[in-house]
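Please find one structure pasted underneath; my questions will follow.
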Amino acid sequence: MTLLLLSLALFGAGAIGALLSAGRTGWPDRVGVAAAVAAGVVGIWPAVRAATGASTESLRLAWSIPFGSFFIELDPLSGFFLVPVFGVCALAAIYGFGYLRAYRGRSTAAAWFFFNLLAASMVVVIVARNAILFLMAWETMALSSLFLVTFDDENDEARAAGWTYLVASHIGTAFLIVLFILLGRGGGSLDFDRFDASSGAGLIFVMALVGFGTKAGFFPMHVWLPEAHPAAPSHASAVMSAVMIKTGIYGLLRVLTIVGAPEAWWGWVLCAVGLVSALAGVLLALAQRDLKRLLAYSSVENSGIIAIGLGLGLVGTASGNIAMAVAGFAGALLHVLNHSFFKSLLFFTAGSVAHAAHTRDIERLGGLIKRMPLTGGLFLAGSAAICALPPLNGFASEFLIYMAGFDGVTATAGGNVAIAFAAVALLALVGGLAVACFARAFGIAFLGHPRDSSLPAPHEPAPSMLVPAIVQASGCVLIGCLAWRVVEALGPVVRIASGLPAASVAPALASISGPLAFAGAAGMAAIVVAIVLALIRRWMLSGRRVRNAVTWDCGYAYPTARMQYTGSSFVQPLTTVFASLLRPRRELVEPEGFFPQRASFESDTPDPCREYVFEPVFRRAGRGLAALRPLQQGQVQLYVLYIAITLVLLLLWQLA
Amino acid sequence: MIASMILVPALAGLAAFLIRSDRLRRVMLVAAAAIHAALSLATWYRAPAVVRGAWLGEDAAGRLILTLTSLLFLACAVYAVAYLRDERGKRHSDFEEGFIFSNAREAVFTGCLLLFLAAMTLVALSRHLALVWVAIEATTLASAPLIYFHRHHRSLEATWKYLLICSVGIALALLGVLFLAVSAIRPGGGAVSLDIGDLLAAAPNLSVPWLKAAFVLLMVGYGAKMGLAPFHTWLPDAHSEAPSVASALLSGALLNCAFLGILRAHQVCVAAGLAHFSERLLLGFGLLSMAVAAAFIVGQSDYKRMLAYSSVEHMGILAVGVGLGGLGAFAAMLHVINHSLTKAMLFMVAGNLLAVYRTKATREVSGAVRALPLSGVLWILGLLAIVGSPPFGPFVSEFLIAKAALDSGRAAVAIVYLLLLAIVVTGIAGPALAMAQGRSTASPDAASRQSPIFSAVPAIFAAAILMMGIYLPPVIGRSLHEAARLFGRG
Amino acid sequence: MNSLNALPLLIAAVLAPLAQGVINRTKAIVAGRVGQPLIQPYRDMLKLIRKGAVYSETTSWIFQAGPVAGLAAVLCAGALVPLAALPALAEFRGDIVVIAYLLAAGRLFTILAALDTGSSFEGMGASREAAFSALAEPSLFLALAALARRAGTASLTPAIAAVSARTWTQAAPALCLVLGALLIVFLCENSRIPIDDPTTHLELTMIHEVMVLDHGGPDLAMIEYAGALKMWVLGAILVGVALPFHSGAVWIDTAIALAGIFALAIVVGLIESLMARLRLLRVPELLIAATILAALALVLVRR
Amino acid sequence: MNAMNQAVDAILVMLALTGFMLLGSSRLTACIRAVGAQGILLGLLAIAAQDGELSATGIAMAITSAAVKGVVLPALLLRAMRQANTIREIEPLISYNLSILLGGLGLALSLWLGGQLQLPTQPASSLFVPAACFTIFVGLLIIVSRRKAITQVIGYLALENGVYAFATAVAVQMPALVELGILLDVFVGVFVMGIAIFHIGREFNHIDADRLASLTDQ
């Protein structure tokens, strides 16, 4: 606990220090990074100890704010969610040190102030055990990340994104306010341990789902996410995508632990939300041209996958299917951890690309892997991990979720089977689409020829931007190969999250870790075989003629880089299949005549939810409100008339 | 001591009209404000006993609003001195229509400021409802010239509307007071005076229909002053045309005083067992005001008007809070403080922006953080605070009001309340970001010429707002409870 | 796990190309030709292995990683698939998922290798491969899930072992639907008619063949071999469901299984000679149809 | 005693009639005279209402208020009118006939109110409440329906007169309220001054309040 408080203090010091040293160029960066890294290092140890159930400490101080109290607790669940917070924040800080050099010529003090503030507030959110404290931290988190999003505020998109984000998070918070008031109604206090959800648990669950789902990026409350995450500087995007949206998952889990025994329909709802989010996320990611936007949508997808896991877990607990419950919760939790690894990795590398090539539009990139082989390799690793390819960590967590699904398929009855089947099938579809999506992202951006000669020649980024990515990548591999150990260590967390007794959790976990080990082994075997085959091929080719030529051009004499397949054309088959859902925007200039001059096909996909739901609603509402404007049309006679009429009506009403 | 709190500003105000030298007058302004503040703070240490039948006295609610007013006024006085020094002897070209206009005489402005303070003090301190009425009347008279400081047709129009609407309202309020008097007449002849103490004592046997009618009239009359919809119509005009320091006082102090007037009537109703009746009215008008304000805030093109409407919204919130009773009343009293601090600060910052950008059109202002670093940041902070986002003061009170609504089982009220707050957020978030961020459209030299006082004063307020959000001094908390108990119904 | 468990993998490794030969021969016969000898695929691969290699300057190490990864993935997947009654080399809960994702891994690298060439032909093929196999995934999983539901376990070997003659008598319709779905997936994954035509000469209409246009020599050999192996492995699942005969004796079971697989090969050959390739736009509809078949199967097995 | 009561009733009726005069007449001078008349009537009312025990202060009050309301203010208004050289209210927002019609409605409303709110004071004419309310109603109606700022001031005066009339009803019980009435009149003085001052002080060369409409949200 003391270490935790110390790390909080360090974050705070970093924030203040960055502001105070604003005057001298370079200093805010040094201070901010140093503090963040130190805080991360200090904090991760107690977090791990708590996560593994070694210790549960709490601290409760009085607070003069009505119903407020400074009550924090570090239990396995909090500890588990704190680990990535500290880890990713520290690494992102190091990365940002190099990345923010791009903004030379303007003070980075604000950036580092808000970065450290964001980190600190996330920590408080996760340990807070009082509604007021929680909401304060929650909103501080939202605001500090908001100002990171609009850090590059001279660009209009960033400001628009900021507005969307601010509004979305406020509306989400409104639901949380209702949630906490409902929880606190009985106990007369807003401390978590005094909550009682004896009445209206269903309503409470829905409130939590909407309020926290907005932060976690569940469809359709995800609209802010693809706007905000790309706009932020990449180290901030990494923190937001990899860690911050997980606080939504955390909140949902925390509420579940409070409300006690779940009902089956919660699981179904959560599953359904997760499936829709995952599918929508991956489809929209598939159709994006902006690399970071693509990653943001894939965060929506992964939030969905986590939700599927949780949903299956809830169904399991509700229907007494322990194996399913444990597999579901374990999978979801492990995926939380894994996603924080590969998503930050992907954002780091994507940031390096944007940093080096000065564009995030994959249609203009290409051939990067020759210029920046290391970054390319790292991005490939991240892609493989997020596509859940064995033996990387993404596979481990999705494997567990599949396990939960299959347990539901084999060992339950009624609607539970149906939802489990749906989960398995759609997870499979999502997996396939994810492969397509990242094949496109990596293939178009890193392979082939550079598509746009006007871009500057890219180069590997500074080591400060490579090292964090390398760390995360190795993390992906390690967790993937040792997943079975990790899962066994997850025991305490799963116990708290699922509310099941330790006696039944431990064996269930043990029974999963075996298959997990096999699965990992199979993946590693594949790698070994591949290496062997590669060696065989080298041996065969040694001494034979190996020459380089142009790509076979089907006899066409003048191939140019612009003849390559573009991202738009790559996904065209899928966008046509799902056109009714995606409604892609297509600019097609058809070739005309016998000697066509120019023809082109471009497609981009704005968020259909935003385009066809939220914007119309807001526009309508705006028009409706504007219809009231004539009330204030300037004539004082009219104003007095209002008074007179109101008065007469009131008197008639009250005295009659 | 109480009397002195009224006399000091009143005499100073009269003197201000006579004094020739500007410097001396400014010194006196600040001095009077400081003395007044000191006196009002002193009452926290040695609270003067409230004497039955005495015309003046200080109860918890009065003390809160008085202290708030007087501290606010002190800050505004400092700001005003700097402002007047800037404006001195200039002839301005109107930046909307380009004509040349001059300001009212500084003596008039200063004098009216002080008389205004005196009147508001009287509102807070008078124990006799008729006297309350007189005081509120006086505030109208004293503040009208403040609105008409810039001598041009728009401010003239605003003043005219302010005078007419508030006077009509006040006349109705007088009728209400008379009705109250009638309701206090015992059938057997002989009557209870309008002293609050006597009224509360005699409350149970007041005649109900007269009391109801009286409350309706007072509610409408003072409501016009307080800016409850649909009587709020003067507010946006006055606030957009008055000099910012005046707007700050109007929104931060005057509205509270009118609110206090309504509270007194409500107090009597509660004592008379008509709590449900008066609370229902307050709830209704509160929500209505919030709704109207929300409708006009969304897509508002003039940022000073936007602030004015947000005042209407927050008056609605106060009414809702009191209407909920119990915890709601406590929250409302807390919100009085939070809103006054925030809104006063916002109007001052708006004044700074106006001075530099020379436009009230939201669309034409951007990059304030670059042009006026401190003011720009304060602008964002203030707007975030006013829409009730943690960790600022208003969040706490607004949260508590929502809690009061849900705890008392009024789910519908809570839903509407939160929905309207959300709508307001969508309306204010835009300007908050768009005006503060982006490339600056201001002329750098104008920005550089601005005196630090202009941003220092609001900065103090910002600190106070943040403090109210994360630490509520126990002494304030106690007197809030005391005040809430006056009309909290248990 | 005794040494016999290695049998399915070994058989597959050895005989996989033969199945291809059978298909080609069937087509030839139907077309009234004599056709190539059954062992022609072996000859082709030997020839390729003996050649040198030509790599495009455009390409990077990804291009060379493609074939290797593809083959490795299929080999490992094969280790988890039983040959009808013969249990697989390894079996554990959820090996179904591992098989599918190993194949996916192989596919990713093949696609990347294709994109690495920077030629729009390969791009075309890669794009189609990605799209169609993604659409095929759900039907594969649903079919397997249906089997798992019947067998009460999410492991392939027992799931297939659980399909007995009695099962057929009980749940014939469900199993037929499963077979139908699996068959479509099988054709799609192995890019056979009606999804893809391996023998077309027009790149614009190809899927798999065009992806590997730039590979030659040993690389191409690996790709061909991997393709054959993949077909064998998926075919083994299909046959396992279709032929529910478990005599205890290994040799009989093996014989039955081989018979089954070659029968499948002949079926494929017939399909290829009797049907035309679908227009690319129609392919998704076919795959969705497969999903629906599998879903129906589920409705049946739920009871 | 009884005579007093009849006198009170008579005064109240006349008050109501002046109200109709206000509504009906287009000439500003006529309106101003009507308001003045109301002022005088109120003075009489104040005396008549405090039946019998005439206190010196009471009489003084009555006289001063009659002087202010009946003489001073009308004079001010007439002056202001001449300065703004407007003789009549040209096309009001509501036609005179309609205003009179509405006046009738208002009278009905006031009578109903009088029925609802019985004065507990003894002895008091049952006409007090209706007459007062009606006068107030007339005031509001004029403010709402007329264009000229000066006409609105007249309406406001009528409104005040209504309130004052009611005050006299309870004046017997609490003299403090009469002081309020005075104070109110003083304020009205200030108010009218204000008007006078600022359109003497030019800016507009008209005094049409409905053309003071540049501040809107449209």
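A, B, C and D label the chains in the order they appear, each numbered from 1.
Throughout what follows, a residue touches a chain if its C-beta (ideal position, glycine included) is under 8 Å from a C-beta of that chain, and two chains touch if they have at least 3 such contacts.
Keep in mind it's a predicted model, so treat the numbers as computed, not measured.
Centrality annotation: A (chain centre taken as mean Cα position, compared with the mean over all protein Cα atoms).
For this pair, subunit A with subunit D, the centres built from the Cα atoms lie 70 Å apart.
For this pair, subunit B with subunit D, the centres built from the Cα atoms lie 31 Å apart. Taking each chain's centre as the average of its CA atoms, subunit A and subunit B sit 44 Å apart.
For the pair subunit C and subunit D, the distance between C-alpha centroids works out to 99 Å. In subunit D, the residues that reach two or more other chains under the touch definition are 116-117, 140, 143, 152, 209, 212-215, 217. Multi-chain contact residues of subunit C (touching two or more other chains) are absent. Subunit A has residues 629, 631-632, 636, 640, 643, 651, 655 in contact with two or more other chains. Pairs of chains meeting the touch criterion: A-B, A-C, A-D, B-D. Listed in rising order, the residues of subunit D touching subunit B in the complex are 116-117, 119-122, 136, 140, 143, 149, 152, 156, 159-160, 162-163, 166-167, 169-170, 173-174, 176-177, 180, 183-184, 187, 190-191, 194-195, 198, 203-204, 209, 212-215, 217. Residue ranges on subunit B touching subunit A, taken from their complex, read 160-161, 164-165, 168-169, 172, 209, 212-213, 216-217, 219-220, 224, 230-231, 233-234, 236, 277, 281, 292, 294-296, 298-299, 330, 384, 387, 389-391, 395-396, 399-400, 402-403, 406-407, 414, 418, 421-423, 425-426, 429-430, 432-434, 437-439, 469-474, 477. On the subunit C side of its complex with subunit A, the touching residues are 49, 51-60, 62, 64-65, 68-69, 71-73, 75-76, 79-80, 90, 92-98, 100-102, 104-105, 107-108, 111-112, 115-124, 126-128, 130-138, 140-142, 145, 148-149, 151-154, 203, 213-214, 217-219, 222, 280-281, 284, 291, 294-295, 298, 302.
Every residue of subunit A that touches subunit B in the complex is listed here, in rising order: 64-67, 132, 135-136, 138-140, 143, 150, 153-154, 156, 159, 162-163, 166-167, 170-171, 173-174, 177-178, 181-182, 184-185, 618, 621-622, 625-626, 628-629, 631-632, 636, 639-640, 642-643, 646-647, 650-651, 654-655.
Per the touch definition, subunit A reaches subunit C in the complex via residues 366-367, 369-370, 373, 376, 380, 384, 387-390, 395, 398-399, 402-403, 405-407, 409-411, 417-418, 421, 424-429, 431-433, 435-436, 438-440, 442-444, 447-449, 511-512, 514-515, 518-519, 522-523, 525-527, 529-530, 533-534, 537, 540-541, 544-554, 559, 561, 563-565, 569-574, 576-577.
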